[in-house]
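Here chain A shows up in two complexes: once beside chain B, once beside chain C.
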Partner chain A sequence: MEYYKLNKSNIDKFIAELGKGYAVYAPVNRDGITSFEHLAEGESPNMDFLLTQKPAKEVFYPQTEVLLRFDGDKTTPSKYDGGPIAIFGVRPCDARGFKIVEKVFVDDRYKDFYWLARRKDSLVIAVGCNSPLRECFCNWVGGGPFDATGADILAVDIGEEYILEPITEAGKNALSAISFLEKAEQIDIDKIEAVQAKSRESLPEPPELDDLKACLDSLFDDPFWNEITAKCLGCAVCTFSCPTCYCFDIQDETRRGKGVRLRIWDTCQFPIFTKEGSGHNPRKSQMSRLRQRYMHKFSYMIETIGEFGCVGCGRCVAACPVNIDVREFIIKALETARQKGAAS
Partner chain B sequence: MKDLIDKVKTIFADESLDLVIGFERGSLPLRGTPRFFETVEDLDNLIFDATCNNILAKYLAGEKKRPGGPRKIGIIAKGCDARAIAQMVVEDQFPREKLVIIGIPCGGVFNTSKIRKALAGRIPDGYRTEKDVVIITGNGFEITLPRNEILQNNCLTCQHPNAPQFDCFIGEPAEPIGAKAHFAEVEELAAKTPDERWAYFTKEYSACIRCYACRNACPLCYCEECFVDRINPKWVGKGTDVSDNFLYHIVRTLHLAGRCVDCGACAAACPLDIDVRILGKRVEKEVLERFEYVAGLDFETPPALAAFREDDKEEFIM
Partner chain C sequence: MNNPYMPIPVRVIKIRNESDDKTLRTFDLEFVNPEDTFDYMPGQFCQLSIPGAGEAPFGIATSPTEKGFLRFTVNRVGVFTKALHEMQEGEIIGIRGPLGNWYPVEEFKGRNVLIIGGGFALTTLRSLTVYLRDKAHRADYGDITLIYGARRPGLMIYRDELEQWENENDIAVHLTIDQPVDGWDKRVGFVPTVTSELAPESLDTWVMLCGPPIMIRYTLPTLAKLGFPPERIYTSLERRMKCGIGKCGRCNIGSQYVCVDGPVFSFAQIEKIPEEI
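After this line comes the complex of A and B, so read on.
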């Protein structure tokens, strides 16, 4: 497909063009918090930072969402009516995250009405990462700083300009509809390779993870989990900042017979997540809860969706109050299981 | 660091400890991370510097519940750690005889968000401190930042940089940083109009995602079941409506009244840098003025709200 180029001084113009057909979301820094938000009139995307503190998944899957309103016996389903969504400036890890969460929300058996309402007809414009951070490990889990999975358009920053590569038909149509965009010349396209190579070199070589699932499955009852999880505080920073954690709770908020039914992000890190009506809790310890998070992402999701439930964005590493690093866990798990395997 | 390691190793052996709770180098630049040292050899990885911002007293609550009872523990204690420990002992949350408090002087700890913002995407390798500045170095850059601009806010007003109570003390006691008066933040807020304060709190607390990192990092939040986790009755909505967020933070603050030692763990843990300390600081001032009580200074004085004195000031009671 044909490449286009977008001079950085024209980003606002580009956003305005997109705004004709889409509700445009982009990274912003509002009151010191970085997240993807619906751009206000005249508001520019902020590309000064690599990763937002809050994951891009909340554009399609808000933390708190009204499912329906009720008044006595009368119920009214809530319906998203904000129009098709375009996200500009999402990083390849977050874009890949959309695909993974989508495998959970939409499959042959179930089609999540609320996810699809926002996600349907959306346009994802990813921007590759020229300078990955120390917490980045997308290359461990099947991604990369310029991976286009989940993107309709991939933008590469070559300095003064972004080179825009349409990845899907929707991306191609969106770009060709913006008349001021120029086609990229070969000399510009050639610059992409150098930028990408430099970025990839800056990421440390990943370990071999082909047998990670088998290793973890063999370790379920191993004491190594106690060591790995000892310093965990049991908060929800890792799960709420994760682009692929999708668990939710449903709660009614009622006042005098009227109220709302809410869908709210939930987290396997809280004891109440598995507490049963009888008071029994099958996951009593924080060890068992953090083990669940890691087993889910690196073993169970291989079974359910055929890939890791992790895109290597590193938000959980950077935001963890006690610096628990999922990469250290992975390496330790591989070592422990391989030693154990060799010994038996 | 060598001197610290050697002395803690000696304590480990002399006191027949099972465990030292301390810090080791974290996985990211400029981050220390909690570590449970179970052998003398492990202690080779022990560090203490401005990157060690976590409150280790937090881990005593888990240790207390250990099957077979708590082990004999040495704990590296900044002033705020030591106060949190003393408060836990006073509240009967950990047996004093199982603890060896290893006091260390604290010159304040880094706020990771302030550093991240100052670096604006540059990746650091290390840092050095010169007088009142911190020089952060990385690949091809060196950036000099005033120390007081990258420390945690609670360090700037800290009155107790050294453990008030300890079993051993390693190093020379530190002077308080004294960058701001003890209650400067409270007074700044009090000088605003009610509308301005409302706007400030609304802005701060509407950002809360209810991850409860503040609660879970707090050494004095040790309830078996927090009120927010109750389903029946449901005391507070589970969503992120700002009124529910307010309710959570206000109830937590009141539950910590006269117990909070302003260690700053709550603010440091917040992934969105919300000013979760300020309510507690306001209450700390109230408790000091009403009851002349400061939490965590010794192992005997009962908390202000758990004690009755005939001479308690009562002018606020109708």
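After this line comes the complex of A and C, so read on.
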């Protein structure tokens, strides 16, 4: 497919063109929190930081969302009516995250009505990462700083310009519809390789993770978990900042027969998540809850969706108040299990 | 597009107290719009919904062979069940389902069936028993034995029906209570002990076992001693649940979601799950 180029001085013009057919979401810094938001008329995306604090999943899966509306005896489903969504400036990790959440929300058995409504006819424009951050580890878990999984268009920053590569048919159609965009010349396209190579070199060599699931399964009852999880406060910032954590709660808010049924991001890190009506809680300790998070992402999801529930964005590493690092956990798990395997 | 979060309206047509302490109540529901009627199998569950009170999952106590209504027996323990207990006949609530898998009735065709229940966990076992005894299915199965225990007679659910089954010749019913009480002339003793005493033949027999965790824990070794392999012992698991359709991430035990991969599991499956059930 043909490549296009977008001069950085034309980003607003590009966004305005996209805005003719899409509700455009892009990274912004509002009230000191960086996140993907619906751009207001004339608002520019903020491309000064690599990763937003909040994951891009919330564009398709809002933190709080109305499922149903109640009025007396009448119950009506809430309907998304914001039109097709385009996300500009999402990083490859977040774009891969959409695919992973989608495998859960849209499976052979049940299709999530609300997720699909926002995903329908959407356009994902990912921007590759020239200078990955210290906490980035996308290359450990099947991704990469220029991985196009989940993207319709992949943009590469070559200095003054972005080179735009259409990945899907939708991406191609969207780009060809924007008349001011110039086709990229071979001399520009050639610059991509150098940018990508430099970025990849800056990422540390990943460990071999083929047997991570087997290692974790063998460690389920090992005291290793106590050590790994001892300092965890159970604050759940790791799950709320995670692009692939999808768990939610459903709560009703009604007054005099009128109201809504909401779904709200929830977290396996809080005791109430699994506490039953009888008072019984199958996950009483913070150890068992953090173990659940790691087992889910690196063992169970291999069984349920065929890949890790982690895209290596490193948000959980950056946000953890007690510096728990998932990479250290992975390495420690591999070491412990391999030693144990060797010993037995 | 079908919205799996949208409850279907059902009318509460009959309510009755199921236990003498009024903590257990049975609700018979009928679809407000007959075209909403769904097919289901014994062991499946539904989410019942009351605007403002939320939703909660309950096993279906009727058999698909009983037409025209769905039955649920509900223990009053929290916000939702309290709201449901306060409902009056004629009121309308919501239902989503049927959800989850069911007892493997096709797999054990031609075999004997041992049904063991305790407390109010007889709901989907009632569904199963009625299904197996239905004239359309009874010839497909060998002997049917039911062992059911409750702490005392007043907590025994579906008691009239159970006593009626005691007089039928196509099912052997053994009712037991924990401690002797005046006027009780049936068995006394815990379910594991009674099972051990009755010593049902394990050859060619499949077991469906539901009850409080303590009962399950002590009945399993008894069954093992009698020669039942874990592949032929099934149970229905419970977990706190929200969506019921494998999305909200709450009810997993290991890699299995109780809502979509269960609630019915064999103990051979459960043995492979790392987390405690």
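Just so we're on the same page, the second predicted complex is superposed on the first by the 344 of 344 C-alpha atoms of A that agree within 3 Å, B and C clash if a C-alpha of one lies under 4 Å from a C-alpha of the other, contacts with A are read in each partner's own complex, and residues count from 1 in each chain.
One rule holds for everything that comes next: a residue touches a chain if its C-beta (ideal position, glycine included) is under 8 Å from a C-beta of that chain, and two chains touch if they have at least 3 such contacts.
Only a predicted model underlies this, so the values are computations on that prediction, with no experimental measurement involved.
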Clash or fit (per the criteria above) of chain B with chain C on chain A | fit
Scan A:Asp121 for contacts with chain B and chain C and give back first, second, both or neither.
-> neither
For A:Glu2, select first, second, both or neither according to whether it touches chain B, chain C, the two together, or no partner.
-> neither
In the overlay, answer first, second, both or neither for which of chain B and chain C A:Phe220 touches.
-> second
Once the structures are superposed on A, label A:Gln251 by its partner contacts, choosing first (chain B), second (chain C), both or neither.
-> both
Identify the partner contact of A:Arg109: answer first if only chain B is touched, second if only chain C is, both if each is, neither if none is.
-> second
Can A:Pro271 be said to touch chain B (first), chain C (second), both, or neither?
-> first
State whether A:Thr75 touches chain B only (first), chain C only (second), both chains, or neither.
-> second
Rounding in steps of 10 degrees, give the angle chain B-chain A-chain C taken between C-alpha centres.
-> 90
May I ask you to decide whether A:Pro282 touches chain B, chain C, both, or neither, giving the answer as first, second, both or neither?
-> second
Given the touch rule stated above, what does A:Ser299 touch, chain B (first), chain C (second), both, or neither?
-> second
Pick out the closest CA atoms of chain B and chain C after fitting on chain A and give their distance in Å.
-> 6
Dual-contact residues of chain A (chain B, chain C) 249, 251
Considering the complex alone, what residue numbers of chain A touch chain C?
-> 67-68, 70, 73, 75, 77, 104-105, 107, 109-114, 116, 217, 220-221, 246-252, 254, 257, 259, 261, 263, 266, 268, 273-278, 282, 292, 295-296, 299-300, 303-304
Which residues of chain B touch chain A in their complex?
-> 26-29, 31-36, 54, 58-59, 62, 117, 120-121, 123, 203, 207, 209-213, 215-217, 225, 229, 231, 234, 237-241, 265, 268-269, 271-273
For chain C, which residues count as touching chain A in their complex?
-> 1-7, 9, 51-56, 75, 77-78, 81, 92, 94, 238-240, 242-243, 245-250, 252-255, 260, 274-276
Sort out for me which residues of chain A touch chain B in the complex.
-> 31-33, 48-50, 53-54, 63-64, 131, 133-135, 230-231, 233-237, 240-241, 249, 251, 253, 262, 264, 267, 270-272, 286, 317-319, 321-325, 327-328
